[in-house]
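In what comes next, subunit A is part of two complexes: it sits with subunit B in the first one and with subunit C in the second one.
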Partner chain A sequence: MKTQWLLLSLVATASLARAGDDERKAWTILAEKIYTSTGRVIEKGMVQVNNGKIAQVTPSVEEGGAATELKVYAVTAGLIDASARLGVSLTSVEQSTEVQPHRRVAQAVDIFAPEFERVLAGGVTTVLVNPPDSNVIGGLGVALKTAGGDTLESRTVRADVALRGAIGSQPSGGNRPAFGRATDFFNRRPTTRMGVEWEWRKAFWDAAQVERDESKRFPGIERMQEALAGKLTVSIQAWTTQDIRTAVFLKEEMEREKLGSPRLVIDAAAEAWKEPQLLVRSKTGVVLPPFPALGRTGDGAFMAWNTAQLLHEKGVVVALSAHGAADLDERLAAQAGYAMRGGLSFEAALAAVTIHPARLFGLEERVGSLEVGKDADLVLWNGEPFEPTSRPIGVIVDGVLRVDPRPAPVD
Partner chain B sequence: MTLLSNSTCAPCGPRALGALLLGLLALAPAAHAGNGKLAIKAGRVITMAGADITNGVITIEDGRITGVGADSKAPWDADVLDHPELVAFPGFVEAHSIRGMDRPNENVPVAPFLDVRDSIDPISFFFEDCLRSGILTINIQQGPACVIGGQGMVVKPFGLTIEQMLVRSHSGLKVVAAPRPGRSRATQAQELRKAFLELRQYLDKLVQDKKDGKDYARREALFQGKDLEKEENKKGRAQEGNASWKIDGLEMIPRGEIDDQKEPLLRLVEGKIPAFFYCDSAMSVRLALEVARANGFFANTVLVLEGDAWKAADVIAESGLPCVLSPNLMYVERDPLTGKETETFVPKVFADKKIRFALQSVNAGPQSLWFQAAQCVAHGIERKAALESVTKTAAEVLRLGKRVGTLEAGKDGNVVLLSGDPLSVTSTVQYVVLDGRLVYDRSKDVRMKHLMSGVEQANSTPGGAMENSHPHDEGPEAEGEKPKKDKGEKDEKEEKKDPEPKKD
Partner chain C sequence: MFTILIASGLLAAAPERPLAIHADKARLADGKVLEDAWVVIEDGKISSVRSGGEAPEDSAVLRHTGWISSGLVALHAYAGTPRAELRDTTRTMLPEARIAWALDPARPEVADCLREGITSLLVTPARQSLVGGAGAVLKTAGGTIVSREAQLSLGFAAMSYVSNRYPTSFQAGLAELERLLEKPSGLLEKAKEGELPVLFEVSERSDVMRALAFAKQQELRGALSGAEWTGELAKSVKESGLSVVLPPIGLGEERRALRAVLSLAQEGVPFGFGLDAPLSHPASLRLAAALCVREGLAADQAWRALSSEAARIAGVEAQLGALAEGQQADVVLWSGDPLELTSSVQAVYVDGRRAYTAEGR
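Moving on, here comes the complex of A and B:
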C-alpha cells in the first residue's frame, strides 16, 4: 500500500516541472514582440531575467541556445486582477460590526486555494484580494502574487493595500429589523442604501473629530484617519450610477469640509459610463467588473461595452478585473479582449490589466510593467495578447517559471 | 456555462416581438431585392471551400448562391451590397443547442413523439442574438433530462413563425446515456434498453395479432372508413433497419397501423432519423455505443459530449462517429490524492485523433461560436479545422452539407459580412444575408448600440445632486470650477477663500 502511494505521488510530481526549473530565477526570453506597458513596443527583442528581477529589456537579440532560453511570440508584464475575490470564503460575514477598518482580509486568505493556480495559468501574477462586501467597511485588502513561497508574507506584494468597503445594496442586503422575530444574523443595520451611506460618513466624521472628542473612537479609527489623509487608498465597491455618485460625493464632502482628501478607487464601477465627469473631476480611479454578455451585471447595473474606452478617453485611470475567474471566456485576458471589442486600443487594454492597477494600488515600484529592476513577472504568449486566438503559454513569477511554454519532453 | 442554461427569458416576450417587428419594418426596403437577385462584393471572401478570395463577388438568385469568385459577374438587374472593407463568411452553424425553447426539458422520460417545433419560441432573444452573432443555422434539440426525447429541428434565426424559420424538420431524436436528475446511471441504462424492448414487444404483438386475426385496431380503422392499406402506399410497409433484433412478419403491417407515439422510435431503428446521443461521461459513451449498435441506428448517431466523455476519445475514434463537443472547452480535473489540478483542452484531443467534431456556443452573444473556434486556434488546432468545426463540419454533422457551411454555388444564400477576421475579438457582424435577403444591419440594431456604445448622460451635471442630499454643500459657485482643478490648485483656492488656514 505504502509503495503504491509513493508511486502515485512520484507520477504526479514528475509532470509538474523539469528538474531545476523551480529554483532557477534567470531566463532569457526572445520574442517577436515585447509589450512593456510603458508605451514602448519592441519588435524582435529580448528580456533578461536575473535573480527574480528584470535585468534587461532590449531590442538586440543574442541567441545562445542555452537551456534558459525561451522563444515565444510575445511577452507582456504579468497581469494584475484588480478585484480578484480569491482565496476567501464568501459564505460568512463578520457580524460584530458594520464598520471594521482594522480587519485584515489577509488573515482569512488561503494561499493554497487552487484558484490561485488557475488564474496563474491564465497569465495573472498579482491579485488584489479584498474583504467580502457584505459589511459597509469590511477592512484592509491585500495584494498577493499568485505563486511563490508557502507563506503569506512571501506572497504579499503589499499588505494593507486599500481600505475596502461597499456602497449599494450588498452591505444591507438581507438585513431586516428584529421586530417580533427570533434574533438572527440579519437583525442588524443598515437596512437601506441610505443607512450604508450614513455609516460611511459617520466613520469619516468620527475619525476627523476623535482628537477632540474621545467618545467617537471605534476600533480601526486610525485607518479611517489614514484614509482621510490620503495615505491609505479607499476602495469602494459601487456598481450603479447612484452608488458611484455617493462614493464620489463622500470624497468631495471630506475635501470641502477640509477633513482630508481620500484617495478613491471605485471597484465594479459598471455604470461609470453614464457620468464619467464625476470621476474625472474627482480624480477617482476605476476598476471595472467583468464584461457581461447582455450588459446586466451586479446590483442591477448595466455596463456598456465601451465603458473602458469612454473612461480612458476622458483620462480616467481604468483597471479591469475578472473577479478571479479562470474560465477561458471569463478570465482577465479575455476581459482585456472584450474591452478592445468595446473600442479600447490594445495599448490601453494592456495598461488596464498591468500598469494601471499597479498605480491605483501603489504597486508600481514592483509590478505592472517590463522595466529593469522590477519583479520578473512575465507572461509569454503564442500570439497577439488578448486575441482569443492566442493564450498565455508561459508564466514567470519572481523569476520562477511557473507555466512552461516549452513542449513537454516526449520521453 | 451550464448545459441547462437558457438565454431566453419569458418576460421579454412581448417587448421582443415589438422590437423584432420594428426591426423587420426598418429592414424591409433594403431586404427587398424585388427580383430575388443579389450580388455581394466583399474585400475578402472566406469560402470555407478552398482558398480565400480577395475582392470576391457572391451572387445569389432566388435564395441560392449562383456564383462565388473574384470574376463572378453580378447580373445587371441584381441589387448590390458593395463592401470592400468587409469580410464575407458562410455563417456559423450551431450543431446542437437546447436554447430557444420555452423550456428545454420534458418530464415524460420516453417521448419520441414530441417535437421541438411546438416548443420553439421564434421571438426568443436567443434567435436575435444568433442573428447578430452570425449563427445562421441552429439545430435545436430537447434537453438531456430524459431517456428518449422529442424530435429536433434545424432553424434559421429569422422569422416570426416556425414555418419561416424552418430549415429541416425532424432533424434527430435526443437519446440520453446520462442519468436524469435524481436517478442512477443503472436506472437510466435499463430505461434506455427497455424503451427499445417495448418497441420490439409492441411490434411483435402487432404481428401476432395480425396472424391471429385479432388486429382490431385495423378493422376498427377500416370500419371508420380509414384506409390503412392506402396509407401503406404512401408510407410503405413497416420494416426494420440494421437492428440486431428482427420482427418476423413485420412486413405484413401497413405503416399507418403503427401507433403515432411509437413510430418515431421505429424511424430511429430504421435509420430514417439520426440520434443525438447525449453522453455526460466516458462511461456513458460505452452505453450509447451499445444501445445504438443493438438497435440499428449506430451509423446515424451523433455523440453529444459533456464532462469527461472526451476520455473515451479512443473508443469514439474507433467508432468513427462524429461528435458535438461541450461548450466548456477546458476540462479541469483535480487529482484526488495530490490535489493538483490538470487542464485538458478537449477539442485538441479530438483534433489529434482525427475525430470529426462540431463546437457549441457558450452563449449566443460575445462568447458564441467564433470565440470557441478562436480558442481552438489558441490551443494549437489548425485554423482551417477550427473554422470548419463551426461551419462545414457542423453542417455535415446535421447532413446539411449540401445547403450550408460553405460559400459555394448551389448552397443556401446565407452570407455574413464581418468587419474583420471572423476569429478576431474586434470583429463584429455588420450585415447578414439569409436566403438571399438582407435581414440584419448592425447600424440599425438598437440593442447592439445600447450594449456596445453607452453614451454619457446628457443631464449629467456633476454636483447637481449634492445640494439636496448633502447639507454641508458649499453652494453652486464652487462646483462650476471643480472639474478643471487638480488637487493642488483647489487647496490654494480654498485657502484663499478661507482667511483662517486650517491647522496642519
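Moving on, here comes the complex of A and C:
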C-alpha cells in the first residue's frame, strides 16, 4: 500500500515517468457531479477508467473502499487549450521563407518543457501547438497530450491538425526592404499587412492553378490544395477586425471563384464581437485569446468580457484558450470563469474548453467529452468547475493518475 | 615512485629491448583490478599483461610503487586546434570537413591532457553546425593521428542553428539532413552504410528525442553527445542501440545529472566521458568519473567509460583503450587507484615511449 502511494506520487511529480501499461490502472471516480460535455449532467455517479479509456459512466454510486477509488466533488473531461503556445522556441520558426505549408511544428516542440506539467496541474490534458506566427503560413500544427511517454508519437493525439498561418502585423515584423542596406535574410516582403494578405492569396491561387501551370509550384503546395479542398483545417491568427475580415474574405473569395472551400478557424479572434455575422455566414469557428485584464490583446485588438457569450448566442462555435498560461488567474479554467462572468452559461463555457476545440480540430473521436470509449482524460474538482473557489485537485491522462487528489500519507 | 633498475637511455632511443613494468596493481580494460602486475612493452605495443612471475629476460625492468593502467581516452575534445578552426562559419553543412586537417599536436593544451593521464583525444568539430564533419583521434604525445574519420557530427541542438541563415528551424534542419542522406556520398554515405558512426550533438531531452527518431528512421549508429539528462530517456536510448558521450561533469553538478548517468548504466547503455578541453580542465575527465562513482556508479563501469568504452565509441578499440596484449602501449603509472582523486599521474607512456614524468618537473 505504502509503495503504491509512493509510486503514485512519483508518477504525479516526475515528468520522466513513463506511462507503461502497468501504470494504466483501473480507477473508479465517485463524484457528486459528472459533467460530460454532451449536455448531460449526472448527479452522484461513478466514472470507471480502464486501460487508458473511459470504461463506464454510471448514475449511481457503490462505494467499495478500494485503493483505486477516488472520491471527489465533480469530474469533467480533460480540458483542451486550443491555442497553447508551449514547447516552442526560436528554433521552431523557419525564417528563410514566409510560406511553408509543409513544415511540421511537431518536429520542433520540446515535449519535456516544464510548462506542460504546469498546465497539466491546471486540468489541461490536450493542447494544440501551432507554428509560432512569425511566418505568413508557418506550417502544420499538432495536438498533444500534456503527459505521457518520452516520444512524440506517445504524446500525439493528432498530427497535422491544421494548416497554420497569420494575418496581421506579426508575420511582417522584422522584415525590411532591401533599399540602401546590406542584403540579408530579412530583406524581403512582406513588410505590411497588405503584403501578408497578398502572400496568402498568392499561395491559394497558385495551389488552385498548379495542375495547369507547373510554374506555380512551391514546396508544400499540396498542403494548400488540401486546405482548399476543405480536407485540412486552416487556422489563421487574426486579432483585429480588419484581419478577421481579411481571413473570412479570403475564404469567401476561394468559394466565389470556385477554387475550393477552406474550412476556417480564426485563432486569437479578439475583435470577433464587432462583426459576428461574418463568422456566422462563413461558418467559421473561433478560438478566443485569453481575456485581457485591461481590455487590449495582441495587435492592439480590444476584447470585451461578453465576447464569448455574444458569439455563442449568434451560433458561432467558440473555443477558449489560455495561450498555455498556467498561473491561477490566467489558466484555462480561469478563462472559462471569465467567459461566464461575461454572460456565458456554465455548459457553454465547459464546451468551449472541451468538446468545441475537439470538434474544431477533429479530435472528438478521442477527447473532448466524458463518454464511454474516449481517452480517459479527466479532471477531478473540489467544487463547481470554473468557480473562483474551486480548483482541479486531480488529473488523469490516458488512464494514468498524473495529479493525485488524495492527501499525501503521513508517516 | 618508480626506479629504473637497468638504466640507460634505452627508454627513449632503443625500442628493440622490451620494457617490463611491475606495479602493485593494474586497472584492466574491463575495470577489474590485477594484483602484482607485470606489463611488458615491446615495439610500441603491449606484449603481455599478467600477475606475478618475473620480468622476461633481456628486458629493461621498471618497478613502480602504485598502479598502472592504460591511458585515458577523452571524447568530445576541442584540444589540438584553435577554436576558430573547429567550424567553418560560412556554411552550416560541411559533410566532407575533416577536423584532422586542422590539428596541431604541438599546441600546449594537448600536453596538458597528457599530464592528466589522457593519451588519446577524440577531437570533435564545434557543435554550431548542422553537419560539422568528421572528428579525429589524436595521441597527446608524438602527434599520431590514430583515426581521421572517427565520427560524423550532426547538429540536433538549438545551438546547431543560426538565426539569420537557412535553416533556422528544427523542421527545416531535419528536412535538410533527410535530403542529404537520400543520395549520400563521401562521409555521409559511410555513415548511412554504418561504416562511420554518427555523433548526434544534443543538449535538451527533446533534442535526444529527435535524434533517436532520426537515427531510427535513417538506420544510423553512433552516439548522442552533450545532453546531461540523456539518462532520463535511458530506455529509449537502449532501444536505439546508440551510445552516449556525457558532457563534462564538474563539482557542483546537480545530482539530477549524476542520477541520469546511473540510469544509463542501469539500462546497459554504453557511455564515455566528453571533455570539451580546453574549455574545461583535462583533470575534469577523471573528476567526472569519480563523481559518478560517488553517486553510486560501479568503479569498473566508471573505468570502462574512461578507457575501453570511450575507445569503442571512437572506433579505435582494436588499437587502444585497454591494458591488454596487442594494444598500443599507452600506459599511465599512478600513485594509487586512478579512480581516486588523491592519486596522481607519475608517468605516461605513449606508443611505448615515455612522454611525461612527474619527476623533475
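To be clear about the criterion, the second predicted complex is superposed on the first by the 382 of 411 C-alpha atoms of A that agree within 3 Å, B and C clash if a C-alpha of one lies under 4 Å from a C-alpha of the other, contacts with A are read in each partner's own complex, and residues count from 1 in each chain.
As a convention for this text, contacts are C-beta pairs under 8 Å (C-beta built on N, C-alpha and C of every residue); 3 or more make two chains touch, one makes a residue touch a chain.
It should be emphasised that the depicted structure is a prediction, and the values quoted were computed from it without experimental measurement.
Q: Touch check for A:Gly295: first (subunit B), second (subunit C), both, or neither?
A: first
Q: Regarding the shared-chain residue A:Ser96, is it in contact with subunit B (first), subunit C (second), both, or neither?
A: Touch partner of A:Ser96: subunit C, not subunit B.
Q: Between subunit B (first) and subunit C (second), which, if any, makes contact with A:Ala26: first, second, both or neither?
A: Neither partner.
Q: Which of the two partners, first being subunit B and second being subunit C, lies in contact with A:Val105: first, second, both, or neither?
A: second
Q: Once the shared chain is lined up, is A:Val210 touching subunit B (first), subunit C (second), both, or neither of them?
A: In the superposition, A:Val210 touches no partner, neither subunit B nor subunit C.
Q: Let me test your reading of the model: by the given contact rule, A:Asp150 touches which partner, first (subunit B), second (subunit C), both or neither?
A: A:Asp150: touches subunit C, not subunit B.
Q: Looking at A:Val41 after the superposition, I want to know if it touches subunit B, subunit C, both of them or none. Which is it: first, second, both, neither?
A: In the superposition, A:Val41 touches no partner, neither subunit B nor subunit C.
Q: Looking at the overlay, does A:Gly139 come into contact with subunit B only (first), subunit C only (second), both, or neither?
A: second
Q: Identify the partner contact of A:Ala159: answer first if only subunit B is touched, second if only subunit C is, both if each is, neither if none is.
A: Neither: A:Ala159 stays clear of subunit B and subunit C.
Q: Enumerate the residues of subunit A that count as touching subunit B in its complex and touching subunit C in the other.
A: Shared contact residues on subunit A: 16.
Q: For the complex, which residues does subunit B have touching subunit A?
A: Touch residues, subunit B against subunit A: 1, 328-330, 332, 334-335, 337-341, 343, 362-363, 365-367, 371, 374-375, 377-379, 383, 423-426, 428, 450-457, 460, 462-463, 465-466, 469-470, 472-474, 478, 482-487, 490, 494, 498, 502.
Q: Note which residues of subunit A are touching subunit B in the complex, please.
A: 5, 8-9, 12-13, 16, 114, 117-118, 121, 245, 249, 252-253, 255-258, 261, 273-278, 280-281, 283, 291, 293-295, 303-307, 310, 327-329, 337-338, 340-343, 382-383, 386-391
Q: Which positions of subunit A touch subunit C when the two form their complex?
A: Those in contact with subunit C are residues 16, 18, 87, 89-96, 100, 103-105, 107-113, 139, 150-152, 184-186.
Q: For a test of understanding, state which residues of subunit C touch subunit A in their complex under the given definition.
A: My answer: residues 158, 161, 163-172, 174-175, 204-206, 209-210, 212-213, 232-233, 235-236.
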